[in-house]
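In what follows, chain A forms one complex with chain B and a second complex with chain C.
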Partner chain A sequence: MVAFLIRRILFLVPVLLGGSAIVFTLIQLAPGDPIDVLLGVYSSPESRQALREAYGLNDPPYVQYFRWLGHILQGDWGISIQQRVPVLTLVMEKFWITLLLTGAAGSFAIIVGVGAGIVSAVKHNTWIDRVILVVSVFALSMPSYWLGLLFIFVFSVQLGWLPTGGIRSFIEPKSTLDVIEHMIMPGIVAGLTPAAIIARVARAAMLEVMRLDFLTALRAKGLSEGAVILRHALRNAMPSIVNMTGLQIGYLILGGALFVEIIFSWPGLGLEIYKSVVGRDMPMMLGLVLFSTFVFVILNLLVDICYRIMNPRIQSE
Partner chain B sequence: MRYLAMGLTVLLGVAAIVATTAIAQTRTGGTLVVATTNDTPDLDIQKYISSSQHNALLPLFNGLVEKDWTADEAFHPIVPGLATSWSVSKDGKTYTFKLRKGVEFHDGTPFNAEAAHFNFQRMTNKKHEYYDPQAGNTATGVLKGLKGSKVVDKYTFQLELSQPNAGLIEAMASLPNYYLHSPGAFKKYGKDGIGQHAVGTGPFKLVEWVRGQRTVMERNDKYWGKKPSVERMVYRPIIEPAARAAALRAGEVHIAWDLPVDQVESIKKDPRFNVYLRGIPATKVIECWQASGPFSDVRVRKAVNMAIDRKTLAEVILKGTAIPATQLYGIGSASYDKTLPIFEKFDPEGAKKLLAQTKYPDGFNFFIITSPENEPVAGALLAYEFVQANLRKIGVKMDIRVRDNAVFGETYMRAKADDECVTFDRGYDTDFILDMGYYGGQCAPNGLNNQCYKNAKVDALMEKAYTASSIEQWRDLHRQAQKLIIDDSGSFPLVHGLRPMGALVEVKNWLPAKAWLQFPGYARLDK
Partner chain C sequence: MAAPSDIVSTSPGSTQGESNDPWRRLRVLKNHKSIVAGAIIVSLVVLAALLAPVLSPYDPIEGHPIDRLKGIGTPGYLLGADQQGRDMLSRLMWGARSSLAIAVVPLAVAGLIGLVLGSVAGYSGRIVETLIMRGMDIVFGLPPILLAIAVAATLGPGLVNLMISLTIVLIPPMTRVTYQVVVILKEQTFIEAARASGASSFQIIFNQILPNSVAPVIAYATSLAGAILVFGAGISFIGLGIQPPEADWGRMINDGRSMLDLKPHVSTLPGLAIFVLAAGFNFLGDGLRDLLDPRMRL
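Let's turn to the complex of A and B:
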């Protein structure tokens, strides 16, 4: 296990280097310039040139990349061109906010996705199975942008149950549940697609396990159906479910919740990625990619560890 | 199965408790919550020339001269700010300001000529300890010839120019990048720290700024001017227009800026809200390269203008959130002339005949680069698709290419292909737009005249305007220049935006400014 961990952590280095180099190249190839965005169209060519010089954007691209890399190795993530604040401070500030949303969306996706998958498998080929399948196809195909607006219209504007967006209220006096109230709708909307994917994977994995003979043997020994499903079938189906869940949560942190963040004005990483791309804020984009890749690789590592714990066959290989 | 049922029950229980708590809460007064369109990247008001940054910071700062954004007039008048009076030297190169006495910045630093000098040195003197290249470029980019500043005595301050500029007061009053920071704050927080600490003299003091989430301000009880009636004001940036409208409908905000076109009518009909359509000095315009190619021929430009049905565009497509363009200046601009007729009479048959006399009797193809996020006049794409259909009828094929802000900026500033155009909501709270977009000596890529429009008579009027003896004369010369540009079909203005804004009926004493800048700080909340 230790050797496995060391190998995976060493593997991080080329992944991070490669990721940052690809993003840097793509930004260089894309049209548009951060200084144009910063100064606006009413600035003079001399002003733009002077600022480009001041921010080191006139240097050749490889000089800019290696300068950035040199600073990263010394723990300096650079300063955001648009916001003039250290990139690391900004990324960490936004990461915790996104983590809140990802936590809500992930919990919703796991509870609903796994639950629906199990029910669907147990009630295979019944009307319940079909309803769950239809709902999951609906959740997969509806853009979160549209769903978000629909939820706001129904639950905020019409019913007045939940706030339309943001992270806290201003007109109402603060309550302890304020942030939770604000998390419910974006959490559900961001969690719906992963929930549907997890439900389909869970259903398929459960159906596969439920065909195996050992479950018949357990039933013959007199075990209740609940115990057979939850203790034995689910446990054997878990590796596939955990694998998919890890990927989905990684996807949410990496900006999968971008549109949800915009619709619900949730000031997290997704919104920051959008703003830095629109503003061609190179240090910010590189910082966000580096950080997101790091989180994604660590999440995958955790999933692999869980996988090995749950599946002794892999451990012995 | 039992565990699953228990889990779902707990989840639903939490949701129910939370929802009940939300409904049970009562509304309190004293805090005005405003849904704005965007947040500022930092708190340094001198660095930017964008209305979203300026709007976010306007309540916290003052300039030497300002505009009265609450005035219900055809345009917002210039009023004294931190300067009580000003005069200009005979050669037009020195402006002397008499400063207001007894004013303090929010941190207790006294305001005087030294404080004003400190701020302008930061923008003009590259050797100054706190010089900021972005603030400097912004300041001198708009105010041609701004050279430096001088302290005459404790309450007399001078600005020095290398060339006369009769529009200086107009620009300084309209653009808050000339508003003043506390010199004490620079010394306390440092050159970079100033972007995280807004310390001005404004009617509100900053309590808290959480990037992208909220700006919380409280009334400055020591304010030298009219004091706000609300105790606190919160700006909440909501980027998505539909979400902004939803926040207003749900009563979470008192005021929502820039409502989406398709929701204006329904919100207007709801007795809980007031909707305002007062106008903004923004004219939606298509600007095409004129140094060569089809648009260098005035007959082609006239034919294109004649083929656009501006009335239907404003009234049907944009659902009355704009009016047909009559000129280049927009509503709220001091030079806007409301007596002018629609820009070019809609006459597709006449357009076809005129086009037949040119090198393009069967029409031609061109494309527009548009960045709707850049355009505050709502419904940009709807408008361009409608124009596209209009032009097809005279054989002109217009391709619409949507690009982000960065690509748009890059396109705007370079020399363009013969068939290349950009779209723009042209205008600002100052009347500088003609200097910026139509002066022949400023042809792109070396200047701001992005379509390379050239007319020697227009240039002569603008040059004369720089040395005008008064702002009125300056405006008059610009109006004359505008007339020539209209006769010349110098661009393709489509509509003047009305900027739909919404507020709960309990918001009293507030009218949106006919401007890009908004100051709702004097609104009153009736419970």
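Let's turn to the complex of A and C:
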């Protein structure tokens, strides 16, 4: 376990270095110039030059990369060109907002996904099982940016039940209930695809376990079916479910939530990434991608560790 | 995205007592309704895309301002018209072309690259394996959606650039799944036999390993097609993909966003099209996986 941990943690270094180098190279290759965005295309060469010098944009790419990396390690993530705010401050602030949405979406995905997976496995090969399977394919195929629009059309525009977007309303800000109201639609929309994937994995894992003899022994002992399924079968199916759930939440924070944030104007990392891409805000974009990579890698590490702890058979190998 | 290991099959291909009679082979499909459903949906969309120049009632780009925002079922406009008076049906048919391209081309290219890289890494082992697979791990360690958006943003908008960005993101999973198949294949006796008969590593990789890893890799690729379509159209939706006035489903959803409350058909129809085609791919992918690896049957 210790050797595994050390190996896994050491592997963080090349992943983070490689990842940041890839993104940095990409941005260097990109056509367009942040100065255009700041000063306009028709600005004077002198003012452009001065600004390029001030932002260090005239140095060779590798100098810019290592200088940037050095700053990162010291906690200085640069200043957003568009918003003139320290990148790290902005990234951290947005991260919590995205985490809030991920929490809502993740809870929805886990409850619905694991629940549907268990029901589907217990009712294996019945119409209930088939309906759940077909619905899961539909949920997998659902573009979140489209479902989001449909939700807004039905629940906000037509029925007027829920706010169309944002994180809180102007009338009664700072109320928790208000934030929760704003979270319902984006949470469900973002959680739908992960729910479908978790349901399929949970079903497969449960079916695998339910084939085993020890459950028959437990039933023979007189244990109720509910206890057999929930206390014993589910527990043994847990490693695969936790593994997939962790990965799905990783994808959710670092991508899946992006379209949902744009549709619902949820002011998190996704919306910020979109804005920095459109505005060619290089420090912001690099910061966001590096931060996301970092979170993604750590999350994968945690998932791996959980999987090992829950599945002692791997340890002995 | 499903874990690549889900669809790794240990059976080296066509040794499951199949008959050569094509009708009997087709009858096997009776037990795989999901393949049939998926194949029908995907073929219909392919047909619509291919026949768009012949069947589409109007030019997809030409607007008729007098007919703008006509509703579904208006005479002459079966599925209505958009804010520029362009026929929705024609735009949906033409848009099927770019959507199919987004889903299929990156998977095919990444699949080919992944097949070669994965086979070489899996078969050779040692340094080559470490270099290829750890390199892939680095790219795999990056959040895929973000990486594709970063690449698309860098290369600039357009269909080709969108396909390049999706291909880059898909190479690591395709390589990894091939690698997992090959590592299992490598230990099979027929490979050992080939080696004993004096075949070189190159010959073994290209004559034995590659042909036997194609089927599981295709099944895996098909299972990803729906997700890639949804995601690729999403990149178009946020404005980084195909540019107006070209007809594209993702873009069309965005175009209709502002009039969602008054004319919902403009943005809901292309979304429905993405959803249906993605469901077709997903049914097909599920079915192919069942066919190739009955252990994983859902």
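We take it that the second predicted complex is superposed on the first by the 290 of 317 C-alpha atoms of A that agree within 3 Å, B and C clash if a C-alpha of one lies under 4 Å from a C-alpha of the other, contacts with A are read in each partner's own complex, and residues count from 1 in each chain.
Simple rule for what comes next: a residue touches a chain if its C-beta (ideal position, glycine included) is under 8 Å from a C-beta of that chain, and two chains touch if they have at least 3 such contacts.
Quick caveat: nothing in here was measured; it's all calculated off a predicted structure.
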| item | value |
| --- | --- |
| Joint occupancy of chain A by chain B and chain C, clash or fit | clash |
| Which superposed partner A:127 touches (first chain B, second chain C, both, neither) | neither |
| Touching partner for A:54 - first (chain B), second (chain C), both, neither | first |
| Which of chain B and chain C A:36 touches, first, second, both or neither | first |
| Of chain B and chain C, the chain that contacts the larger number of chain A residues | B |
| First (chain B), second (chain C), both or neither touched by A:138 | second |
| Touching partner for A:262 - first (chain B), second (chain C), both, neither | both |
| Contacts of A:278 with chain B and chain C, given as first, second, both or neither | both |
| Touched partner set for A:149, first chain B, second chain C, both or neither | both |
| Contacts of A:22 with chain B and chain C, given as first, second, both or neither | second |
| Common interface residues of chain A - those touching chain B in one complex and chain C in the other | 30-32, 149, 152-153, 157, 262, 277-278 |
| Touching residues on chain A, where the partner in the complex is chain B | 30-34, 36-45, 47-48, 50-51, 54, 80, 82-85, 90, 93, 111, 115, 118-119, 122, 149, 152-153, 156-157, 160-173, 175, 177, 180-181, 184, 226, 229-230, 262-265, 267, 271-272, 277-280 |
| Of chain B, residues touching chain A in the complex | 1-4, 7-8, 11, 14-15, 17-19, 21-23, 25-28, 31, 33, 41-42, 44, 48-50, 133-134, 137-138, 140-142, 192, 195-196, 210-214, 234, 236-240, 242-243, 246-247, 249-254, 373, 403-407, 409-410, 412-413, 424, 428, 436, 445-448, 450 |
| Residues of chain A touching chain C in the complex | 11, 14-15, 18-19, 22-23, 26-27, 29-32, 133, 137-138, 140-147, 149-150, 152-153, 157, 197, 200, 203-204, 244, 247, 250-251, 254-256, 258-259, 262, 273-274, 277-278, 285, 288-289, 292-293, 296-297, 300 |
| Residue numbers on chain C that touch chain A, as the complex places them | 1-3, 134-135, 137-139, 141-147, 149-151, 153-156, 226-227, 230, 233-234, 237-240, 250, 253, 257, 260-261, 264, 267-268, 271-272, 274-276, 278-279, 281-283, 286, 296, 298 |
